[in-house]
Amino acid sequence: MNRFRSIIESCDTRWGRLFDLAIQSLIVLSLITFSIETLPNLSEDARRWLRYIEIVTVIIFTLEYLLRLMIADRRLRFAFSFFGIIDLLSILPFYLATGVDLRSIRAFRLLRLFRAFKLVRYSRAIRRFHRALHIAREELVLYALVTLLLLYFSAVGIYYCENEAQPDVFASVFDALWWATCTLTTVGYGDVYPITAGGRVFTFFVLLIGLGIVAVPAGLVASALSKARELED
Amino acid sequence: MNRFRSIIESCDTRWGRLFDLAIQSLIVLSLITFSIETLPNLSEDARRWLRYIEIVTVIIFTLEYLLRLMIADRRLRFAFSFFGIIDLLSILPFYLATGVDLRSIRAFRLLRLFRAFKLVRYSRAIRRFHRALHIAREELVLYALVTLLLLYFSAVGIYYCENEAQPDVFASVFDALWWATCTLTTVGYGDVYPITAGGRVFTFFVLLIGLGIVAVPAGLVASALSKARELED
Amino acid sequence: MNRFRSIIESCDTRWGRLFDLAIQSLIVLSLITFSIETLPNLSEDARRWLRYIEIVTVIIFTLEYLLRLMIADRRLRFAFSFFGIIDLLSILPFYLATGVDLRSIRAFRLLRLFRAFKLVRYSRAIRRFHRALHIAREELVLYALVTLLLLYFSAVGIYYCENEAQPDVFASVFDALWWATCTLTTVGYGDVYPITAGGRVFTFFVLLIGLGIVAVPAGLVASALSKARELED
Amino acid sequence: MNRFRSIIESCDTRWGRLFDLAIQSLIVLSLITFSIETLPNLSEDARRWLRYIEIVTVIIFTLEYLLRLMIADRRLRFAFSFFGIIDLLSILPFYLATGVDLRSIRAFRLLRLFRAFKLVRYSRAIRRFHRALHIAREELVLYALVTLLLLYFSAVGIYYCENEAQPDVFASVFDALWWATCTLTTVGYGDVYPITAGGRVFTFFVLLIGLGIVAVPAGLVASALSKARELED
């Protein structure tokens, strides 16, 4: 029992590391097979193989879940902990899918993606990232607010500039919000852009101010991360 | 009277916080209803409901404005203060719209957006942002200047490179300025881009230099914000 | 004579500031009129007015140039200094244009833009920027080199990935270089992009590595500017 | 012999610097001629000249390689060192191409590009960059992981949002991954973008979170580089 516990719950021993590595590889494998399954013109043969891999994966994940449940000091507490629920959600849809109508499987498939969250479980490195987020928390919230306000004002402004010239593209403030999102993040797909002189001048000023706002959080996180590293030393 | 004052003007007491929260929620609600109103194919029913919400919102904002005016030590001073004017502008268009020709309402609608500025009023967090802007003020002004010069030179350069090959797209220096804005901010909608070899080589050099200039202000604001946080401690 | 010198050469006295402001405004005015002149469908009337403004501007700049030359301690030295040459180049094309065939004026027009460099002359603030560039000089040169290498390798890679699938778009390594420029600067006009699976995977890796390289110089300049400010204190 | 060694292996003496400069120029020249060769409509004459330059370049590089091999203290060790292999790979394809079927030369051409790596050999400045990468190593690996996870979740999310509306564009999770790459790096070519309301709202949230993640590594490298410079002093 203690042997099991050291293998499954810690990654300090040799077998613990091997177990972790195997589970992580399986998670990645299941993510890849899921992606392949979405390809439109798969042969029947390929579909069958993907199904086999899926079954094996789910069986292993189920065994792992049961082991973790068995080992846990307080079983109910584990079952309702964040990772306990994630673990369950990553296998449950499979069993439900076989019992329920097959067409409804599509909706449940989305849940199967929660399996990927298991990757989070095994990586210790994310802790430092959490600390950095905590340091810059207030500024990030503030910037989220300022960015949202800026997005809203940009959208309303461009709506009044462009609605008459392009009634289909800038049909409402919501379409204008899509434009504001694409523009202020500098993605600029090119599906929505101003064509009037007024709209272009407005875009010019929005970008001049906006870039000094939208691009700042990345710098904040970077400096917070260096601080988190210093605090660790 | 003092009771009222503590509720409306401060957000330290329980009722003050509740009052603030209610007003802020109402502002957000009115921003959302305004956005929905711009949707092109709204049913008569939806329009009527939006109108009802608008009326209730304006009544509450009017009561709030009158309360604030009543409570203020120097009423005239409040009426002509920044927020006094914003408060008034956020309700006035509604009353004017009913008295004036209905078609002219469209122009006044833009003013109704000033209502959003009320959001600024209630958020304390923006103060720190102001301080950061003050620290990096000189550099930001300098960069705004350098950026404007760069935009102008890029525009003139691309105009001479591309005008002959694309006389409709790069029709004048103003069209070229639009290109320069989209390119140096890396938005790149794809509505205007160089096609000649000369124009592409020019773009290459402009971007090589330009990115080292246009992207800097965000870094300046980020470092200024960390300084502002240090000064706060 | 000393009176003149203090007005023209320094901006500490009241008249010196006024003189500077007037010349700067005139430079901006002449830049704007130049831009308006490039508009395709100008009326004869507008053209005539632009011509008048141009003549007055050149006369004032000529007087200013002669005054500066007269005042200078070593006249030849001033005439061949950087700003002496810029000052001359900003007025000379006008006089040459009237003597020479009018159609050749188009080529000389480009030189008229050097007038804008005069803006540089009057702004003290750019000095600090120069210092920052000096601090980060080595890193910036290194990054320019690394960026150029990355651009070249990306271009060759995408050329081999996409040339067969899109022989017109990725016709040569030079076209691929244009793609690399647009992609690594994240401008992404959308005129050139990979369509094959190989090209997309290649782009994915190039961007993953490239963004960590191309976006760094802006951060370097930002930190160098804060250092330059600290050194100033 | 010692004379030779000082010229070829060091760049402290005058002749050593000259030799280095000559080889570097030749490398750049051969990179340019390679690029020109890919142009689709080259005349027979131009092709012949490019061939001549290629032959001369390869002969000089061969002589250089033999000299380096001759001079080396441990010849086998040099031959199998990183730069020894690069040096060989940059000349070998030429000799193989003449012996083998000419059509297969196209595949070998890619290898000829390794020649460019020789540029790396001669630049001392890259060492500092290596140190900076070492400092920020852990954070960069962490960010690469977080970015990959984010790309995957964004891709799956947009696949479920857009697959029904645009079955050709978002045909599978792999196409969605291409969209995620273009969007989160803010390249935004405009070949793939969401059109449904759900897809746009999803994109909005992905960008809000994603930009705070994808843009951070550049800031990390920038701060690591300043640290590397401080450590050097």
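We call the chains A, B, C and D, going by the order they appear; numbering starts again at 1 in every chain.
Keep in mind that, in the parts below, a residue touches a chain if its C-beta (ideal position, glycine included) is under 8 Å from a C-beta of that chain, and two chains touch if they have at least 3 such contacts.
Just so we're clear, the structure is a prediction, and the values are computed from it rather than from any experiment.
**Student:** How would the subunit A/subunit B interface be labelled, same or different, where same requires over half of its residue numbers to be shared?
**Tutor:** Counting which numbers both chains contribute, under half are shared, so the two copies meet through different residues.
**Student:** Based on mean C-alpha positions, I'd like to know which chain lies farthest from subunit A.
**Tutor:** Farthest by centroid: C.
**Student:** Rounded to the nearest 5 degrees, how far is subunit B rotated relative to subunit C when their C-alpha atoms are superposed?
**Tutor:** 90
**Student:** CA centre of subunit A versus CA centre of subunit B: separation in Å?
**Tutor:** Here subunit A and subunit B have centroids separated by 30 Å.
**Student:** Nearest whole angstrom, what separates the Cα centre of subunit B from the Cα centre of subunit D?
**Tutor:** The computed centroid separation for subunit B versus subunit D comes out at 42 Å.
**Student:** Using CA atom averages as chain centres, what separation in Å is found between subunit A and subunit C?
**Tutor:** Distance between chain centres, rounded to whole Å: 42 Å.
**Student:** Tell me, which residues of subunit C touch at least two other chains?
**Tutor:** 174, 177, 186-190, 214-215, 218-219, 222-223
**Student:** Given the complex with subunit C, which residues does subunit A contribute to the contact?
**Tutor:** 186, 188-190, 219, 222
**Student:** For the complex, give me every residue of subunit B touching subunit C.
**Tutor:** Interface residues on subunit B, with respect to subunit C: 138-139, 141-142, 145-146, 149, 152-153, 155-156, 159-160, 163, 167, 171-174, 177, 183, 186-190, 193, 195, 197, 200, 203-204, 207-208, 211-216, 218-220, 222-223.
**Student:** For the complex, give me every residue of subunit A touching subunit D.
**Tutor:** Its residues touching subunit D are 31, 34-35, 38-40, 110, 113, 116, 119-120, 123, 125-126, 128-129, 140, 144, 147, 174, 177-178, 181-182, 185-191, 214-215, 217-219, 221-223, 225-226, 229.
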